[in-house]
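One chain, subunit A, links the two complexes that follow: it is found with subunit B in the first and with subunit C in the second.
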Partner chain A sequence: MEKERNITIDGREFRFSEGETILTVAKRNHIDIPTLCHLKGTTPTGACRICVVEVEGARTLMTSCTVPATVGMVVRSESPEVIRSRRMTIELMLTSGRHDDCLVCPSSGNCRLQELAFRYKVKGTTFEDTGVKYPMESVNPFILRDFSKCILCGRCVQACNEVQVNEAIDMGYRGSATKIITKGDVALKDSDCVFCGECVQVCPVAALVPKDARITPRLSEMKEVKTTCSYCGVGCQMNLHVKNNRVWQVTGCEESAPNYGSLCVKGRYGFDFIASDKRLTTPLIKENGTFREASWDEALTLTAKRLKEISDVQSDATGLLTSARITNEENYIAQKFARTVLKTNNVDHCARL
Partner chain B sequence: MSKVRMQLMLCGGTGCHATGSKLFQKALDEELVNRGLSEEIKVIETGCNGFCAVGPVMLVQPEGIFYQKLSVDDIPELVEEHFLKGRPVPRLFFQEQKSKEKIPHIDDIPFFSNQVYRAMRNKGAIDPEVIDEYIARDGYFGSAKALNEMSSENIIDEMLTSGLRGRGGAGFPTGLKWKFANSSPGEEKYVLCNADEGDPGAFMDRSILESDPHVVLEGMTIAAKAIGATKGYIYCRTEYQLAIRRLNIAIAQAKEYGLLGENILGSGFNFDVEIYQGAGAFVCGEETALMRSIEGKRGMPRPRPPFPALKGLWDKPTILNNVESFANVPQIILQGGEWYASIGTEKSKGTKVFALSGDINNIGLVEVPMGLPLRTLIYDIGGGIPKKRKFKAVQLGGPSGGCVPEQHLDTVIDYEEIAKVGAIMGSGGAIVMDNRTCMVDMARFFMDFIQDESCGKCTPCREGTRRILEILERICEGKGVESDLKSLEELCEVTSSSALCGLGQTAANPVLSTMRFFMDEYKAHIFDKTCPAKTCQALLKFTVDPEKCKKCGLCFKACPADAITWKKKEVAVIDTDKCVKCMSCYDACAFDAID
Partner chain C sequence: MTNPISDIEKSDVILVVGSNTTDTHPVISAAMKRAAKFGGKKLIVIDPRGITLKKYAAIQMAPKPGGDIAWINGMIRIILEEGLEAKAYIAERTEGFDAMADSVASFTPEYVTKITGIPEETLTQAARLFASGEKGSIYYCMGITQHISGTDNVKALANLAMVCGNMGIEGGGVNPLRGQNNVQGACDMGGLPDVYPGYRKVHDETHAQTMESAWGVTGLSRTPGITATEMVDAALKGSLKALYIIGENPLLSEADLTHTEKGFKNLEFLVVQDIFMTETAQTADVVLPALCFAEKEGTFTNTERRVQRVRKAVDGPDGVLADWEIVCEIAKRMGTEMPFDSPEAIFTEIAATTPAFTGLSYTRLEKEGIPWPCPTADHPGTPRLHVGRFAKGKGSFFPLSWTPPAEITDAEYPLVLTTGRLLYHYHTGTMTRKSKGLNERAPECFVEMAGSDAEELGLKDGAMTQITSRRGEINAKVKVSRRMARGTVFIPFHFAEAAANRLTNAKLDPVSKIPEFKVCAIRIQGA
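On to the complex of A and B.
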């Protein structure tokens, strides 16, 4: 009979399957080991050292996100030694760069470092903060990189390299000069970055935020509305962050298929048309060279009438152009309409252009 | 074949190159040709001899006469007197520090006579660029035996019997490492050699590679057979150009002789070695970072487990051993594990190579048996401390190690014994410090090094070492406060217990060990605002003690900054505003009147 696989965490025994990390077992059993750099779906890097726990017999503290559970392992997740280490690590993070301005920080209320500081009651006053080492980068329309907020957890690197597999960023330089860089340390706009914003979504602090984050409401003060992205047929699930009947930010829904949090540049950043005053809000009919406003009924009736008149004379004088912004099913119906109603094979799609 | 009556083994290591052995060799060759002696006397450029302090050095064989500090001007006398007339030149002999006795024979020089050569058995004895010379000294006999007569298990058993432990510093049993890799499933496995030597003051690997490159290739081949690998890499730092050149020559020669490559010695076993040059990151000496670097990624450690024996280079089972470890392997296979284990202590067998440097007379490379007291290493082999100063401590293990002070000098060389006094065996760097070295400043130096070399991945190493360095700098500048001691201790402990890799976990060792043994110096800096060793410039203030001053004016003459006023029969006075704290007056005073 196979030996039972049991691990003891904080005095309680739990079963585990081979390959599971201490963190996975703890989480399943509602033991809250705090994490910071841990990013679901990527290889654990063990970089931040927040999730360290005491493992009996180990020479040093171990990161629960990387160490697999083994039979008979005895773990303490909140021993004085562990708490001392976590507090020091948080203190070191809070004093690297500039983290003393939560009042005016766009990520306040949605900041992992702030949460941890609160949980462990760390004020970030033991050392003098190191201030701004690298200037902020804002030379692109989408992402603001504030290096003075970066705690180098590496989540953005994992997101870029392992989730999006775009490999635009990595860690660069060494020691206290370490910085997240693109190839050759150029600005994002001159790099391999495609501005999918995956890195922004996973940034636990305010090092990577939407370009206008400092002048729009914070995430923590907005209402989330879950919806489906309308840009293409994939059907990515997204959260619109709404305040005062206006969409200010879009993030991917981490818990839902098909995208599990990922979005592309269009879905994440292409939403300013919603509140644009140039946006069409009613159908227009062209008469004598100028447009006039019309109702949907009137516009559709006119379209149907003209299409019928034209296709009755010569069906191939009509054609249908469809769009990637509708679903496959809708595209299917559209071509069916062209072939059976308009009786033409002139069907095309914007993705072919 | 003409009969060669005399062989001149001229050291061609990097140390002797720096002191002019290349020029000397050229001039000597010319002189021998001019005198018509070139057929009977041969000059052979060997690898590092080890006695770098007195380079360029040359050993005259078969007599065994050792010459030191040679220059081109010495050549006519050497040739005329010694090579022709048979009268060695005492002027160029080694001179014993205390007795001032001139010692002609290499075997009588304490620096050499106290050593036991195993990893370095061919140093200075062969031309590293000629494979036949290596073979003539039983070279490749070990791999021949391993490949044709032994199974992987036999090899591993022999290694386990030998008790050889990782010479890179951590001391993990080499045989056990190979055993794990051997039992890991997988068709493709790798043997890696770590030659990314980066500790300040350490040059063991470089010297071995320069003096005996084949021994490393042979050791790797045996390891490959033991674990079932067909490909190996030597990760060598790019600064070691001479070592890389000689390795490349050695690889080409070994392949030509069928000792490397396909179907080695007809055994059906294939093994190929490639050199990978590191780009200068200290952290790439850490095994997982080294593997990442070979993969073409940023040299950054990853958490273990999984250990490389299971998932290493390109996620295949891999072993990584240090140059010195591999250098020991061929003789272990040839002479047996028991032979190797016949010297040493209970848990540390064989020999260890050390690079002696710092405030010591005989700077150089030495190989000593395990179990030798550090005192013998420093005083008999190392020749003691120069300038009549006193020994203060020896830093073992470089920036990851700790210092061993005077009261623990009788500690024997043994992994566990050295660890007991708060240092580590390390890869072999031994930096000796005299009483003029400030231990706070020393800790600051190493922390500065570590802070520069931290890969920046984990928080305690990147930020923790930065804070430790800040505090140490503050203390050295005389701005330390009492609470700094507590902060230092806490930072050091947290960094040690929670950093990701060995670099971070050991980064605080120099601080912890100096705090353990030299707390009085830390306190003097913080509370008295003085630097007892007179190193920290900000804390120095020189005055003349009128009672001790003999009014001789030596200090006045020595001062380069015109800061001392003195007249005959008057006590000298130092103007502290003008003083540049160069210590010239302090050193010049024969009566200890300046403090």
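On to the complex of A and C.
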């Protein structure tokens, strides 16, 4: 018989399987150990030290995201010593770069560091902040890199290398000069970056935000509508973030197949066509080679009349191209219309092109 | 796809062919790259170009465009010769093996090299590697299908998969990566000339009667219709007089555009329904504006057959209707009521009339999409097809021979042109070319070619050129690239002002009716 594997966290016993970390067991059992650098699906780095816990018999606090549970282990997830350590970590993060401007920060309300500062009541006033070491980078159409907000948690590096495997960024330089860099520390636009935006999605602060995040509504003040991407056939699940009848941002749904949060540059950033002023807004009828605006009733009646005239004589003289871009419901209606109203099987779409 | 996207990382060996996955299906490519880099899985990548995915490949091959059946048959021949085939699987689950085995006998490595340029030892290594994996999967895209031998190319891949016992298993399968958000759904819903929703043939009396009773009509035509490309010819002949086009831009996406334009000009009546004034809409008699995906409810079906919800996030332009509403309005004015009040009501009829969809409803799709077939309300959906037995009983092998592309190079047109997509644009660019950021990344058309070809033509990187085929000409700048093999050039087809499809050849695969976009002969000169 297999030996029972149990671990004690905060006085309660839990079963675990071989290889599971303390964090995994705690999460499964709804014990809220805070994390910051931890990124699902990637190798834990233990970089931020927010998830530290007290393990009985261990000489120091241990990072719960990297330490595997062992039989008989006794863990305290929120002891005074753990809280002291977390407060110091948050204090140091708040003084690395500039984190004193939540009022005008695009990530406010959607910032892990802000949440942690609130949870542990840390103001970031103990030490002098380190100031701005590297200038902001905005020379690309999609992503704003604000190094003064970067806390070097490494989530973006993990996302780029282990989730999307685009291998465009990594930790560069050393010690207090550490910076997230591309190869050769060139701008993103000149690097291997393909602007999938996975790094922006996982950034817990405002170091990586959409290019126009400072002049558009914050995520926290927008309505979220889950839908399916309208570009390729992968069918990524995405959230459209909406305010005042406008989509301002798109993020991947982290809990849903098939993409689990990942998107590509088109899905994440290619949505401005929705509100384009080039959209067709009124029916058009061509007369003597030029279009004129028409009412819906006039355009629909003319279309119906012409289609009927032609199909009444010879139904197979009409055809309908439905679309790989519209919904199932619309395709169903379109082919039903062709078969029952136009009375032809001349119905196809752009599958082959 | 026969298998779900989540199976990619469960394969031991992943063969990717005719798909520039990192550009056209980036999120799927991430799974392939993860499998190779972190999962210890082996990638075999086959494409005439040095695409990015090859960086992660254990074996890469660059056949000349149009040589696919040769290398696939060549691999099967090696697998059989070395006794690496899945003997029990072949015996129990398939039919037609002997005839197929005979058909590959002449594809010696030497012969394959002659046709494709793939070195003999690389082909042998690829065959051994693919057969060695317990679970081998195949992923392909338009680089396989857009040939006059497209159907046979796919059959050849199916042969290869079955020889190795890879159909109907987790981490296996033959998986077409569908290019458009709802191309799977458009096919499933009967947006094809020969089938009703659920792929029931229109010429089959039983199916026709079923649909007549489901729809409450009589006299449905038992004659299969014509395909999009055939409609162009019919318009030119005058047998097709009226065409209603929804959300599609054939005047940029069809092969041989000049021919297509002539056909469309000959129509008596053309109505185009779209969200933008496309090249096709410009030529219409009536243009009807429609809502886009963010402005309506509905479902799309993705490449793994997963039916997923589309939800309304914003109101569209004032007064503009959804595509289904417009169609129903026209039907009403033609004397037929199609009385639906919502996409959900339509979906309920789809479920009632389409066997693979019977168990699906908006309620069930609320949280997560479900892959069809889903026959009952408590059925979880079918992520993998052909498990245990093939849908049709036994899996059929097909004997296949190789034929050259429809157009081959000669002294006048000495280069091969192959076309495709870029990461930053989508199909005819109707949406992406309205996006500022995407256009900043990929502003214009180009012709990508090997340095040696450019040098021979006396062209420097960035030089403007004129590219000519038997059907037309366009101008584009040279992009010298190490990704291209000598003799083959690549042009993306997104750009109306330099439309690659002015050049392409509209010769069709006889079964699928897909034009041979991936091979035609051209010449290039400085402009």
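Just so it is clear, the second predicted complex is superposed on the first by the 282 of 353 C-alpha atoms of A that agree within 3 Å, B and C clash if a C-alpha of one lies under 4 Å from a C-alpha of the other, contacts with A are read in each partner's own complex, and residues count from 1 in each chain.
We adopt the following convention: contacts are C-beta pairs under 8 Å (C-beta built on N, C-alpha and C of every residue); 3 or more make two chains touch, one makes a residue touch a chain.
Note that the structure is a prediction, hence the values are computed from the model and not measured.
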Touching partner for A:346 - first (subunit B), second (subunit C), both, neither: second
First, second, both or neither for A:81, with subunit B first and subunit C second: first
First (subunit B), second (subunit C), both or neither touched by A:248: neither
Partner chain in contact with A:152 - subunit B first, subunit C second, else both or neither: first
Contacts of A:16 with subunit B and subunit C, given as first, second, both or neither: neither
Superposed model, subunit A: greater residue contact from subunit B or subunit C: C
Which superposed partner A:173 touches (first subunit B, second subunit C, both, neither): first
Residues of subunit A contacting subunit B in one complex and subunit C in the other: none
Residue ranges of subunit A in contact with subunit C within the complex: 141-142, 162-165, 194-196, 211, 223, 225-237, 240, 242, 245-247, 256-259, 262-266, 269-274, 276, 278-286, 291, 294, 296, 299-308, 310-311, 314-337, 339-353
Subunit A-touching residues of subunit B, taken from the complex the two chains share: 281, 283, 298, 300, 302-303, 305, 451-460, 462-467, 470, 487, 490-491, 494, 496-500, 505
Complex contacts: residues of subunit A adjacent to subunit B: 44-49, 52, 60-61, 63, 66-68, 81, 84-85, 88-89, 92-93, 95-96, 126-127, 130, 151-152, 154, 170-178
